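Just below sit the structures, each encoded as structure tokens.
Shared between the two complexes below is subunit A, which pairs with subunit B and subunit C, respectively.
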Partner chain A sequence: MFEAWGLLFNGIIAASDPTILTGVFFGAIVGLLIGALPGLGPSAGVAILLPIAVTFDGTAAIAALGAVYYGAQYGGAVTAILLGIPGDASAVMTVVDGYPLAKRGKAGQALSISIVASFIGGLIGLVLLTIFATTIARAALAFGPIEMTAVMIFALALVSVLGSTDWIKSFIALFLGVWIGMIGLDPILGMPRYTFGEVMLFEGIDFSILAVGIFGLAEMFASPIVSSADKSKMARFSFRDLMPNFRDIKQCLNPLFSGSVIGFFVGILPGIGAAASSMIAYAFAKRTSKNKEAYGTGTLEGVASPEAANNSASYGNMIPMFALGIPGSGTTAVLMGGLLMIGLQPGPLLFENQPEFVWTIFGSFYIGNLALVAITILMVPLLAACASLRPGYLYPIVIGVVIFGVYSISYSMFDVALTVLFGLVGYVLTRLNYPVVPLVLGVILGPLLERGIRRTLVSSDGDLSVFLHSPIAVVVLALTLSLLTVPRLIRHFNLTRAISDN
Partner chain B sequence: MLQSQLNNQGLSKQPFRRFSYLTFLAGAIFSCTTASAQDFPEQDITYIVQSGVGGGSDILARTFANVVDELDLLPVNILVENRAGGAGAIAYSFLAQQKGNAHYLGGVGVSFFTTPLLGNSAVDYRDFTPVAAVAYSPYILSVRTESDIMSVEDIRGRPDTTAGTGAVVSDPTLLSRMLERELDTQIRVVPFDGEGEVLSAVLGGHLDLVFGNPSEIIEQIQAGNLRPLAVTASERLASLPDVPTFTELGHDIEHIQLRGLVLPPDVSSEHIAFWEDILRTVAESDLWRSEYVDRFNDEPIFLDSQAFGEQMVETNETYETLMRELDLID
Partner chain C sequence: MIILRYVDLAVSLLLVAFGIYIVTQGLAFGYSDRSGVGAGFFPIWIGGGIAALSAVNFLKVVRNNLHLGTIEISEVVRVVFTSAAMLGFIYLSHHVGMIASILVLMLAIGAIYGPRSKVFYLWLLPICGVTTLFLYLIFRVLLGALLI
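Entry: the complex of A and B
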């Protein structure tokens, strides 16, 4: 362990090389902007920069690409808070509390805590990455389809707290989300499902398209009806508002810490991703909070938790790639392509064969994470200046940017039309008082649960008892059961005691 | 606008372009001539990749473009353009629209065959002009080191054997079916989203078998995480001299993945010959060997337009049969 810190120290010094520093800053700024641009997320960002980056010196290239990845996590929150549009998929939960805060004129405070949360989440993720990368990577392999199914059932039980008080409407929204998540080629049998014969739907619906439409466009469609008088004050804040505020941090300590840890560990699991980890972190923070009711109406904790989680998840996500040579997500798959293109062989021997490279990259992550705090504080007012425009000017610009962002995912007008369609769906749902968050949960968690269950059943030939043969699954399922029953039992006992006391 | 910029780039690399415009004019006035190979290429080449940046097809495209550039084989640039989505449909229908224009190239992946076979695609493999194959990749059947399976024979009659695949219709699915038939043993094929997830599941002991490309498998073998059982090539691999081929073991399993390039439909035979020459030079160069073949543990090969075209027909039939067996098509 001490050895790790020594190696890291050397890594940070090696990463202070001007070429690498340039790469880090360049990547961080590109990442921040791409994260802030609705539609384009970290995987698109890394992909866009990859052909340019590989022309740098090898280590600087990967440092730059890594910086795009974690930089995007900082940027996603900016659009989420100021415009109510998730800048990237993992900023979805940041909208839920960040945007109401901005509407109340607290955009500065919300942005400040999101920067702090991103930094702390990043730092905790990095420390865990530094010390345990190889150990954790091995441990994460214990999670196969069976264990993943159990984790998803647990996650669903945990996030049930995110529905609205109208549980029928919440369930309808959830199932609508699960259905949207099923569109595309069946992941196990391979035939098209709910694609209406449209080849463009074969790969399913890109989550960022759905998130941008259902949050961003829907909000703008609704705005002529909803009074926009409070808009003018929302973007008014000073640099001082953006500086870390210790009272706010103290208030958010729990969600900051839980978000960082949950984000990291969920991020390691293959195929799950930062969006799911920020949802689980948010749900956990809400469940364990003393003022649950405040969540969703604009509370700082509700911004701190998902922002800490998605930054931490981005480092967790890199663990299987660095330690085992296995890409756990789309973004790390592109990063791994980058490693190959600069002539490094990612794999279990990377730490042994290229220790200098690995530790320099880790060192650059520490530098980048710190630098992003300053970069974000300096760049946010620029972005915020746009948000202070009157809706009449702002919305056409934002719609233009959204269409550009969505189009550039795969140069497809079909995606643009789909975004508009989801905007309309979001508008109708909001007008009819359906909560949108359960729908988003359905889209993210539904496919993960389906894949887990069906892969398990294919492997076991339909035998459900395999769930009981996996100790991890048994523990997780037991936790799920207690999560669902214990609060009820406690309430029941308190009630009977109250009655008997009387 | 963009097009004209690309043209300008082409011009700057080719100072005698103006002259060839004149030739073209003269040709147009005095007689009807077909475009001669000297006039080609007139602009930058666009290589359309059907998947995102960083994937196998993308790396092939970019390495190819670099090698052509380093060897100075073309007076213009090769621009790699990713058009992912629609399971390859976006890229391939775009490529098909560039009828007769040999300034566009495309790569051949599994979706090149399978998406049209599923129906609903306006174009299929017959719409494209095969150019050549420049490398091939065999598959290595492996298990994790802790597995009780020590040889291919151990799989025979073993209950509850599972194998992973990164997509439903894929070479690993095909190979698992072949192995099932050869050993007369049931193998449950579990589809995952990508080879990375399959590898995690095998290393974690959740799956028994994996058919992987050398680029995915060899590092894990060297680290002592995986045990190779057999390779699907016709000869042993230079990188794994101790691992037998399936044929040596008496099993009729031989299957490789060709890395090939195609042109849009209706390309003139001069342009096919032009590209064949370039691809042959690339495939036979040391640079291609060191930058691509060796780095990704692929095997060197060169198949010309006709041979690659025949191979495409065969590959399509193989996938069609597999998809019929999987009940994906009637």
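Entry: the complex of A and C
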């Protein structure tokens, strides 16, 4: 364990390299803006920036993309408090107490505690990430192809079941993603599959094209055109109020710590995400508070708890991706796509083969989390102004960046056309309540899963029972089976009992 | 207004057909070969899954009379116009280059999503102009991208 902290220290020093620091600051500022802009979430932000970021040096690219993700958690709170408009889904609970506080003339105090909570939540999340990522990665080294295949099946099932209320549509989306991942030359036999005679598809579809289309364009298409926020309703504050106040921090210690810990552990679970973690943390803080009645009317604890949770969750969310190579959310799937694009395969071996890269990235997270405190304080007026930016001004800029970014991947207009197609597909799926996260995970994990299953079956002469020879795989597959069947059996049993009772 | 229930039914039927297409292609790739499993092994299972689950979804929507709400025709028109404008950009960039085309595209997108007011257009033009300049500086000058 001490070894990990030593490596982290070296990582923080390595992350102080000017190139990486530029990436971190650039990503943090973009993330803050994305977080503050209603209609664009962190997954869209990371996806839009992906084609540009991969042109940086590899480590700086991932440091920048990571900074967009955790920066967005800081930005969402600003518009939530000042205008009552959550910048992204994870800031919804911040509105509940943050906006009433702002209306009572305590906007600066609410913003200050949200920044402190984001920092403490981020710091606790990072410490837990440092501890758990290495431990889980070390344990996962014992996993062979059979066990990893079983874990991948479990993660995909978990995301599909937990990520949506309609499991049928989740699995359809997942299978569509796996099919998209099959496009190109067969990984074992080398024959073209589903390329429709198009040579440009032989190498498969570049992940960033799909991510930009499905997350970036589709999210924009499906966002309602709202008139810009009324600036006159914006609460006033002074810069002096934004400075951390120790009396407020002392008052919020319990929700700060409970929110950070809850956020982290809920964030680890695939398919849950930062929004749900902030809701759970808020409910817990309210239930355990001596001042329950104040929640919802404008209390600092009600701001501290969800803000600590959503920041901590963003780091918890990275554990399955870094330690197992299995992303648990849309944003980490795009991050993993970035890692694959720069030639790195996330998973336990990443810690063994590329320790410098891993610890430099973790070091950049620590620097970014600290830097965001100052950047957020300085950028509060700009972030508040973002909420009043009309889609008519914002969308042309986003589309300009998207088109140039996608074109620059391989200087191909065919890629731009594919992005438009995926944007339309994503829009239709979103409108019909098909969750897009399983689709994106299917594209990332589908090829790995197919290769794992086929190689295992080739080595066992097509004998499927080989998956039952590993106790770990048996337990994981049994968990998957129970995850898919038990809730439905319970519901069926309850329904039958209710009918017979009547 | 477009009733999403009918769109859901139509998409489910399309997906059933698409799943069957994936399976038939998978059969052509071969379910198994001498090594054990062929290139069509995975497509057959995945295509079968898409077809079967889409059929279940179709029946669920029909039987339960599910209401998914509606969407405004204006929203669909906006999405179609935006996509058409982006495809138009691809065509135009081969004739006048990417820089001029992106400026035209951004103005078109602004017009699609913005209000019909003189003040809006007065602001839109410089915003698109400055963004075009930034795109040129970042992608051509800084990143060295080979623009058309």
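Keep this in mind: the second predicted complex is superposed on the first by the 280 of 502 C-alpha atoms of A that agree within 3 Å, B and C clash if a C-alpha of one lies under 4 Å from a C-alpha of the other, contacts with A are read in each partner's own complex, and residues count from 1 in each chain.
Just so it is clear, a contact is a pair of C-beta atoms (placed from the backbone, for glycine too) under 8 Å apart; a residue touches a chain by one contact, two chains touch by 3 or more.
Computed from a prediction, not measured in an experiment: that's the story for all the values here.
Once chain A of one complex is fitted onto chain A of the other, the partner contacts of A:R390 are limited to subunit C, with no touch recorded for subunit B. Contacts of A:G144 after superposition: subunit B is touched, whereas subunit C is not reached.
In the superposed model, A:L189 makes contact with both subunit B and subunit C.
In the superposed pair of complexes, A:V428 makes contact with subunit C only, with no contact to subunit B. When the two structures are aligned on the shared chain, A:F493 is found in touch with neither subunit B nor subunit C. With both structures placed on the common chain, the touch criterion links A:W5 to neither subunit B nor subunit C.
After overlaying the two complexes on the shared chain, residue contacts for A:F171 are found with subunit C alone; subunit B is out of touch. Using the contact criterion defined above for the overlaid structures, shared-chain residue A:D461 touches subunit B and also reaches subunit C.
Contact with subunit C, but none with subunit B, is seen for A:Y407 once the two complexes are overlaid on the shared chain. On subunit A, the surface patch touched by subunit B in one complex and by subunit C in the other comprises residues 186, 188-189, 191, 411, 458, 460-461. Contact residues of subunit B toward subunit A in the complex are 52-55, 58-59, 62-63, 80, 82-87, 89-90, 115, 118, 120-121, 160, 162, 167-169, 188-194, 196-197, 199-201, 203-207, 215, 219-220, 222-223, 225, 295-296, 323, 326-328. Subunit C makes touch with subunit A in their complex at residues 4, 7-8, 11, 15, 22, 25, 29, 32-33, 35-39, 41-43, 46-47, 49-50, 53-54, 56-57, 60, 68, 71, 75, 78-79, 82-83, 86-87, 89-90, 93-94, 98, 102, 105-107, 109-111, 113-115, 120, 123-124, 127-128, 131-132, 135, 138-139, 143, 145-148. Subunit A meets subunit C in the complex at residues 52, 55, 168-169, 171-172, 175-176, 178-179, 182, 186, 188-189, 191, 193-194, 221, 224-225, 390-393, 395-397, 399-401, 403-404, 407-408, 411, 413, 416-417, 420, 423-424, 427-428, 431-433, 450, 453-454, 457-458, 460-462.
Taken together, the subunit A residues at the contact with subunit B in this complex read 43, 46-48, 50-51, 140-146, 185-192, 197-203, 270-271, 320, 324-328, 330, 333-338, 340-341, 343, 345-349, 409-412, 415, 451, 455, 458-461.
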